[in-house]
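There are structures below to look over.
Below are two complexes that have chain A in common, paired first with chain B and then with chain C.
Let's look at the complex of A and B:
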C-alpha cells in the first residue's frame, strides 16, 4: 500500500520542492508514496479540500517557516498543522525554515520560527507533537536524505535523533567529513580561487563545513558533487543560525578564526595550526593540473 | 619519564642557561655544563644527545614556563586591560627572577637561528607561549576591547616592546628596575592595541 503524504508549504520559497524533484529515483518513490496534496505535483485533492475536511494521511511534511498569522486556503498554517499532526504517524520538517525558522525569520509575519525551534531555542506551540517529529534541515534539503528518512518511517525503522530531532545517520557528521580538500585543511593551505580545485576554504573563504552537521560530502548532490568539492564554501545551511552574514569570508579575530571545528578547543587548534604553519608543502602550493 | 629523570633534565637545562648567559652560547661546551653539575659528560649525553638538542629543549622549556604563566592570566575573569598588565608583569618578573631565561630567548633563540632551523621551524618550539598570546589577542578582539588587525603587527608591538626593555636592562642602560615601568608600558600597549 502506498504511504499517504501531505506536503504543506508554510512561508517558503519552494526551494525544497525543487531539490526534492531532483531525486534520481522518483518513479520508484511514487510507487511507494502518494501525495494527498503537494504544491506543484498533481494530486487528488485541492488545498481547499485538505483544509476544509480531514483527509486520511500517514506523514505530514512541513516546508517553510511558521507564523500564526500566515494562512493557506484562508486558514492559519498553525491550525492546519494542528489538525493533521493529530492523525499522522510522523511529522517531518523539510528544510531549515521549517526546522529553525531560517531566512524567513526576517519576514514581516509575527513571531516567525521553525516548528519546534527558533534558531537554537525550543518553542512551545507544538510541544505535544515533538515526539512525532523528525527534522531534516538544509537550505534546501538533500533529496536523498529526505527520501531515505521517509522510507525509514514507512518501514518503521527506529531513527536515532540529535537534539534538534535530526536523524544522526545523516547529521552526526560534519560537512567537512569527506571533502576532497581535507589535505589542504590539514596543512592550512587556503590560497583558493573560487571554483578552482586547490585549497581549503576554511581559513579565508568562509567555509563553515567543520562546524556544520550534515552529509553533503558523504551523499553527493545529484550523485556527483558537493559545494566544497566544487570550490564554493559551505554556508552552514543545516544549522540553527543559518543564514549568517558574509558567507564568503572567514570571521577572524587577529587572524584566528572565530568559529572552530566542532569540539576542538582553541588551544588544541592553535597548537596544531602553529605546527603546520611552520612548514610549506610544495605539492599543496602548486596547481594540481596544468602547473 | 620518571619524576627524578625529569628533575635532572630541568637541572641540566637550568645550569646550561646560566652558563650560556655568562659565557655565551658558542663558548660553552658540553663538558662545561657537565662539570658545573658534577656529572660525567657521558651521563649528560644520556639526557641530551647533543648541545643542539639541548638548545632546542631549553627554548621549549622556557616557552612552556611562560605559556603556563600567561595561561593562568588568560583564564582569569578580568578585563583585557588587566590581562595586558598581568602579562607584562609575568614577563618582567621572569626577566628579574630568571634573567637567563629571557636572555636565552632574546640573545640565543632569536639570533642563533642556524641552531634552531631544523626541529624548531616557524614557531614550533615556542608554541605554548605564542598560543597563549594568540588567545589573549583573540579574546580581546572578540569581547570588543582590542582592535582587529593582523596577528603579527600586534605581536610585534607587544613582544618587541617588552623584549626591548629587557634588552636595555641587560645592557645596564635602564635607570630603574623593570617592574617600575609596568604601569607606563601597560598603558602604552593597551592604548596602542585597543579600539
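Let's look at the complex of A and C:
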C-alpha cells in the first residue's frame, strides 16, 4: 500500500518543493508514496477537490508560513489544515516558514507564523495536533531529511524530537560538524577572505554554523557540497530566528562573537581562544594548495 | 467562466468571457502577494542576497544574480574578474536548463494528453543542481555571488566533475528530447530537419501539426530582452525588425485593479519575454525558420524553449574552456557596502525572460527595492482593446483546455509574479 501524502503550500516560494525534487532516488520514493496533491507533480485530485471535500490521506505536509487570511482555492489555509490534520496519522512542517514563520513572517498577511511556533514562541491555534507533528526546518529542507522522515512515519519508527519537534537524528548536530573549514575555527585562525578555499567565516562573515542545528555538512547538499564548504557563511536557516539581520557579518562585543557554539559558555570559549592565540600553526596560515 | 489554473508554482484565476463560442477576453488574476520588496526595506544590502533567492523556488538563482548585479551597479569602480563573471554565467545557465526540463516533462506533457514524466524531469535537473552546487554549495537557495565576485574557489578536478554533469545532461537530451547529435540539432536551420528526427519534443511538435494547432497561441509578435551576457543579446524585435538600443527607463510598472500582479510595459506596449524572445533577438536559425512558418505560435514558443537547453549546454562548455583558474574569484570592493549610498539596477535573463531588480541604498541599508519578473511581462493584464501578451494569445480560441495549454506555453510562474 502506498502511503498517501497531501503537500499543501501556504505562503511559500516553492523552494521546498523543488528541493524535494532533488531527492536522488525518486523512483523508489514514488513506489512507496503517492501524493493526493502536490504543487508540481500530477495528482488524481485538483486543489479545488482537495479543499471542497475530504480525501483519504495519511500524512499532511505543509510548506510555507501560515496566516488565517491566506487562501488557496478560495479557502483559508488554516481551515484546510484543520480539516486534514484530523484525518492524517502525522503532520510534517516542511521548511522554516511552515515551522517558525521564516522569511514570510514579514509578508503583508496578518499574524503570520509557523504551525506551532512564531519564531521561538509556541503558538496556540493548532495545539491539539502538536502531538502528531514533526518539524523539518531549513530554507529549503534537505530532501533526504524530508524523505527519511516520511519513511520513519510510514514504518512507525519512533523519532526522537527536539523542543521544536525536529528529529534529533538530523537536528542534534550543528552545521559546523563536518565543515571542511573546521580547523580554522578550532585553532582560531581568523583570516577568511571570500573566494578562497581557506579560512572560517565565523569571525567576520556571519557564519552561524557553530550554533545552527542541522546536518548540512553530514548529509551533503545535492550529494556533493555545502554552503560553508563552498565558502558561503551558514545563514542559520534551520533556526527559529531565520532570517536574522546583517547575515554576512558577525556581531561582536569587545571583539568576542556575540553568539557562541551551542552549549559553549563565554568563559570556556575565551579560555580556549586564549590558548590557541598563544601558538601559530603554520599549515593553517598558508594557502592549502599553492603555498 | 472562471477557471483556477493550478501547478504554475501556485495558482492563477482565468476568467474567460465567451462570445459566439470563442474567447472574447480573459481576465488573469493572481490572488496573493508576499511583498518581498517591503521585507527588504531597512535591511542591510547584503541581506538581499539571502532574501531574494527566496522569491522563487525554481528561478531563485536568477534573483540572486539580479540582486548582486543591482548592488554592484551602485558602485562606480567595481571590479570583477573574468573568472567570477564566467562562474556566475554558468550557474545561471544551469538554472535555466533545469527549469526547461521541468517545464517540458512536468507541465507540458500532461497538456498534450500524455503522462507526466517525473523521473525524466528529475534526472537531468538533479545533474544541473549538482553543477550549481559545485560553486554555490547547494541548489536551490544559495547566495554564493557577492558584491565583488563569488565566494567559492574551484580546482581542475571540480571542473572535471562539472564537465561530466554537463555531458550526462547532453546525453540525456540526445537520447530523449531530440534523438540526434546535439551538434546537428544546434546547427539545424530548418524545421523539417528537426521534424524528421524522433524524440519527446518531436512527438509534441507532431501533435501540434496533426491537430492543426499551428496557428494557435499567436500574440503581438513583439519581443524584448534586457539581460545581456556572453550568450544573450539585449534588444527588442517587432516581428523580425530588430533594435538593440533599449533602456530600462522606458519600462513602466503599474497596478491592476483585479489582481495582485503588477503590469509591465515598454513605452506603453506589451512585449513577450522568454526563450522565444531571446531566440528572435539572437536570430537563432532554427527558431527564425519556425517563426517564418508559424509566427509566434505555441509551436515556435515550445521549440524555442527546448532548443535553448541544447544551446546553453553547448555554450556552457565553451565558457568552461575560457575559465582561467589562476584568476581571483573575488576582488574586495574599494568601499565597504555598509557605508555605501547610491542607486542601481540590473537585468538578467531568468528561465522565463527578463528579470529586473532596482535598488536604492542609504548608508548601506536598503531604502527602496523593486523587482519586475518575467511572468509580469507575459501576463500583464490589459484591456479588451489593449490586451496583454498571453491574453492576446488566448483570445479567439474556442476551447478553455486549449487556452490553458497556450497560457502554460509561457511557462507561468505564480510565486515570482506575486513577489
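What we mean here is this: the second predicted complex is superposed on the first by the 290 of 291 C-alpha atoms of A that agree within 3 Å, B and C clash if a C-alpha of one lies under 4 Å from a C-alpha of the other, contacts with A are read in each partner's own complex, and residues count from 1 in each chain.
One rule holds in what follows: a residue touches a chain if its C-beta (ideal position, glycine included) is under 8 Å from a C-beta of that chain, and two chains touch if they have at least 3 such contacts.
From a predicted model like this one, the values you see are computed outputs, not experimental measurements.
Room for both chain B and chain C is found when the two structures are superposed via chain A, with no clash between them.
In the superposition on chain A, A:270 contacts chain B only, with no contact to chain C. Of the two partner chains placed by superposition, A:259 touches none, neither chain B nor chain C. An angle of 120 degrees, to the nearest 10, separates chain B from chain C at the C-alpha centre of chain A in the overlay. Once chain A of one complex is fitted onto chain A of the other, the partner contacts of A:14 are limited to chain C, with no touch recorded for chain B. In the superposed model, A:22 lies in contact with chain C only, and not with chain B. Counting residues of chain A touched by each partner, chain B versus chain C, the larger count belongs to C. By the document's definition of touching, of the two partners only chain C reaches A:229; chain B does not. In the superposed pair of complexes, A:3 makes contact with neither chain B nor chain C. Residue contacts after overlaying the shared chain place A:279 against chain B, while chain C stays out of touching range. The minimum CA-CA separation between chain B and chain C in the overlaid arrangement is 16 Å, rounded to the whole angstrom. Residues common to the contacts of chain A with chain B and with chain C across the two structures: none. Residue ranges of chain C in contact with chain A, taken from their complex: 4, 6-7, 9-11, 31-36, 38-39, 43-44, 46-47, 49-51, 54-58, 60, 84, 102, 106, 110, 115-116, 118-119, 121-122, 125-126, 129-130, 132-144, 146, 148-153, 155, 161, 328-330, 332, 338, 415. Those residues of chain A whose C-beta lies close enough to touch chain B in the complex are 252-256, 258, 266-267, 270-271, 274-275, 277-279.
Residue ranges on chain A touching chain C, taken from their complex, read 9, 11-19, 21-24, 26-27, 30, 39-42, 46-48, 70-73, 103-104, 106-108, 139-140, 193-197, 216, 221-232, 235, 237, 243, 245-249, 289. Within the complex formed with chain A, the residues of chain B that make contact are 121-124, 127-128, 130-131, 134-135, 137-142, 146, 148-152, 154.
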